[in-house]
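Order of writing sets the chain letters: A, B, C, D and E. Residues in each chain are counted from 1.
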Amino acid sequence: MGANRPFREEPKLRVESLAVARGGRVIFEGLGFVAEAGALVELRGANGSGKTSLLRALAGFLKPLTGRVVFENIHEPALALHYVGHQNGLKPTASVRAHLAYWAGLLGGAVTGEDVSMTVGLAGLADLPARVLSQGQARRLAIARLLLAPRPIWLLDEPASALDAKGRTVLANVIEAHCAQGGLVLAAVHEPLGPSPTQVLSIGGAS
Amino acid sequence: MSALAATFRRDFALMLAGGGVLAPLGYFVGAAMLVPLAMGPERTLLAAAGPPLVWIAAALAVLATLERLFQADLEDGSLDQMLLSSAPLELIVLAKGAALWCAVGLPIAVAGAPVAIALQAPPALIPAIVASLGLGMAAFIGAGLVGAAVTAGVKRGGVLIALIVLPFFAPPIIFGAAVAQGDYVGSALLVLGGCALAAAALGPIAAAAALRLQAE
Amino acid sequence: MFSTFANPARFMAFSAWAAPLCAVAALALFAIGLPWGLFSSPADYQQGETVRIMYVHVPAAWWSLAIYAFMGGASFVGLVWRHALADVAARAAAPIGAAFAGLCLITGSLWGAPTWGTWWEWDGRLTSMLVLFVIYLGYLALWGAIEDEEKAARLAAVLCLAGLVNLPIVHYSVEWWSTLHQASSVLRSGGSSIHPEMLGPLMTMAGAYAFLFGALLLTNMRAAIYRRRVEAVRLRSPI
Amino acid sequence: MSALAATFRRDFALMLAGGGVLAPLGYFVGAAMLVPLAMGPERTLLAAAGPPLVWIAAALAVLATLERLFQADLEDGSLDQMLLSSAPLELIVLAKGAALWCAVGLPIAVAGAPVAIALQAPPALIPAIVASLGLGMAAFIGAGLVGAAVTAGVKRGGVLIALIVLPFFAPPIIFGAAVAQGDYVGSALLVLGGCALAAAALGPIAAAAALRLQAE
Amino acid sequence: MGANRPFREEPKLRVESLAVARGGRVIFEGLGFVAEAGALVELRGANGSGKTSLLRALAGFLKPLTGRVVFENIHEPALALHYVGHQNGLKPTASVRAHLAYWAGLLGGAVTGEDVSMTVGLAGLADLPARVLSQGQARRLAIARLLLAPRPIWLLDEPASALDAKGRTVLANVIEAHCAQGGLVLAAVHEPLGPSPTQVLSIGGAS
């Protein structure tokens, strides 16, 4: 499956009356929405309102209290999702190149690391250990995952944090391209990402 | 499959980075060298009590490498990616275990030879001891995976892990020590092989189940 | 810190001729000491010919201790006055000291086999010497584990100073818990009690080891400084 | 002063949280219980070789708690705040060491009594053993602080730390084991006291010097 | 020293031809500037340009290659600085309250935790362990340090990251109040913090 191949399956996400609890406290309930292929859904909400919790519930990491999450027209569920969370998932001692190679293998990537690190602007840093990357450089590396392996649905948690202006435009372009390909993007944000969202989802005020 | 290869390569590299193979070796050799220090110069005593203690040093050396095995993955978000992999988590954990065995278990088994000699083991037994250590390490790691997975969420799990894992270390240690003392070597090696197989087969499954619950 | 490289410049000039000179002196003394010790000196009335190992063993032992003390001094200077040359010196001395310590352990156990009937014994001196050897290894391992030279130097210096406590233990171990290893017969208060015919070659060998150390140290330091200079050049050029 | 009180209280609480005192204790007891397993049932052998091994278990239990001591502070940015404190870093490190001694050293010293009995130490010696462990723990921690500080930046330093710290553990272990075996108890206790004092005095200074270099 | 007491010393920061190297590479050279009491200095620069390195050099964590950093009119150097970096400096198992109490002791704080957590909007979370805080809540906790102990000079590294709109206004107010008191604030940012900076310092392009 090459990166260039659009997602013919027309992936679709349906969430029905979802409720999530953390540590015995209900964070939100009765959340329902539908996101079509090609959509960019922006999640908004105050700190602690449950954006991350929702994304992790969608990714299947967090068991919801009630309700269900349905992916439609996904042929290989194991290859449906990308998740970029608050944590970048880097190992301090491993080099940028090593990370890209590892993810390509782990996530079943087809693209070569070089092109990717070029795109996200990490060219020239390939041999630096992640430990020494600046905050924004580390974030760029995490974002590079999205390009390594083609997956229809992207779940992004404040993807633009720590990125400079250039980084943000790169991110915006990547997201637009993915949506144009028929991909589906859900992003938790505090400020607009750039590309105009097809849908804005506000999560109720935190406790 | 390449997911497993990638995991193995990555974990193996990570374990060699910083400290390197030398590090767990240093722990193993160091711990073993403490024995004569503590027991004093009487060589008869050492000859009788020393060899089995190779196994304690080995067990504790593995234990020392277990603590952060999954805890780090959980904290830095790598676990999320493992869950999203195209390969089942069980196999990925297996690959991690295999990497640990190659990077830590094997070197310790080999280093077991000089250490056993220093602890006055009869030279004739050395090959058997090394082989038994190799098997025992696999058993330790298999059991250790589960302990590491269960305690991944707990701060300073490294010491809690000891509580959880050491009971499972007991059988390999008993039979391994028997080998080191030259008692029923053959059958003991068989049992160790059994432990190793069982641990390698069941460990990853149980560990994967625990890890799925850790990612919240 | 780069200002101090004016000083290393002078060091380079000095070591340029001092290093080979030490090497020559070492060769000369070995040429005298080895035959003297191994052939023309008297055999020991108890130990017979094996006593000749002494001429390898004892200087190695002495200098492995002295070198660590030297490293301690260098580390102190490096830490307190941030003297780059001192860092280099400590780092350059470590492998030599480790080698001498290893030589002492090996020759010692070779000697022990015939005289004590055992290769190794967990006696105070032997143990403390093994500990010193391990400290050397730990020091080198720490250097290896930290990429940033500057930082590695300082951290290793701290470790080295802490390790100094082991030296008196090694030296006095024989008196504190007197077991197998014999007490000091040369370096002791109240003059040496060793047979003068043995003292001669022993001291010659000690001198030879000293110059050997000097030669190796200076060459190591020169190599390290060349490396750092390259580094310094790279540092000056922004990314 | 309140900076030190705060540090002590905080670190003590952190060590009790997650695992709690039980964890290092479990490690200590677990490691010690492996000894009879490994050495087999002969009580005579155990009686001769067992008691000194209490010290190895203790040393390794401390070692296990040392790895993350400063590494975590370095990674999560707490070290920066320690450096900005109104109190000198040396004292703050001292406070951390004191907390470690109270949370880990003291419990292990106390648990040393039953463990020593289980390892066939003569009951008459128990008080001396507990006292010696208490002193020995202080010595271990003092030396351990330095090792932990020096390796704080190194990944998987926990095993490199063993190589660096174990040599410094040797003297307390030798004299502590002497106590456990009932040899020259009085003077051995004196030496241990000296070790403890020296370690407690010099350890924090060296560790602080190293930590200042770690914060980059 | 009460929080309400303004900084009569008129703190002043002078940086002279500063050069910083990381891992053997010069990040920036010949940097010099002066910041007067009451100033808000915004540091700008691309990812990897050296903002964090500069702040850490100013804080004294990172030894500069050449040049010097001079604080003027600071009577107690040990009590001169606050540093809020990319890392929040939280312990997962310790509660919010425990963190505030610890910092108050460590940094010589005078204010009580209650008022502070109220200000930064953490009221009600005092007993939660830091582990469970959301990203933004954790950031607010780190920012609370600034209010716990009064210190003339604040070094802030992307202080607004992960903060929601409300959090940003709180931060802006806190900073303005500090400057008004005669404090000095240096903040590395990718977007303006809100209060108009008295000075904007751009760090040369990174690799």
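Assume contacts are C-beta pairs under 8 Å (C-beta built on N, C-alpha and C of every residue); 3 or more make two chains touch, one makes a residue touch a chain.
The shown structure was predicted, so the numbers you read here are calculated from the model rather than taken from an experiment.
Among the remaining chains, C is positioned farthest from subunit E, on the basis of C-alpha centroids. Taking the CA centroid of subunit A as reference, the farthest chain centroid is that of C.
Looking at contact counts per chain pair, the maximum sits at B-D.
Separating the centre of subunit A from that of subunit D, both taken as means of CA atoms, is a distance of 45 Å.
A straight line joining the Cα centres of subunit B and subunit D is 23 Å long. Separating the centre of subunit A from that of subunit E, both taken as means of CA atoms, is a distance of 30 Å. If each chain is reduced to the centroid of its CA atoms, subunit C and subunit E end up 49 Å from each other. Those residues of subunit B in touch with two or more other chains are numbered 14, 17-19, 22, 26, 30, 33, 37, 39-40, 155.
Residue numbers of subunit C whose C-beta contacts span two or more other chains: 127, 134, 137-138, 141, 145.
The multi-chain contact residues of subunit E, meaning those touching 2 or more other chains, are 22-23, 86, 93, 206-207. The part of subunit B that touches subunit D in the complex is made up of residues 14-15, 17-19, 22-24, 26-27, 30-31, 33-35, 37-40, 45, 48-49, 52-53, 55-56, 59-61, 63-65, 67-68, 154-160, 162-163, 166, 169-170, 173-174, 176-178, 181.
Taken in their complex, subunit C has these residues touching subunit E: 2, 147-148, 150, 231, 234-239. For subunit C in complex with subunit D, the residues that touch the partner chain are 79, 127-128, 131-132, 134-135, 137-138, 141-142, 145-146, 151, 154-156, 158-159, 161-163, 165-166, 169.
Residues 22-23, 45-48, 52, 86, 121, 124-125, 132-137, 139-140, 158, 161-167, 190, 206-207 of subunit E touch subunit A in their complex. If you check the complex, the residues on subunit C that touch subunit B are 118, 120-123, 127, 130, 134, 137-138, 141, 145, 179-180.
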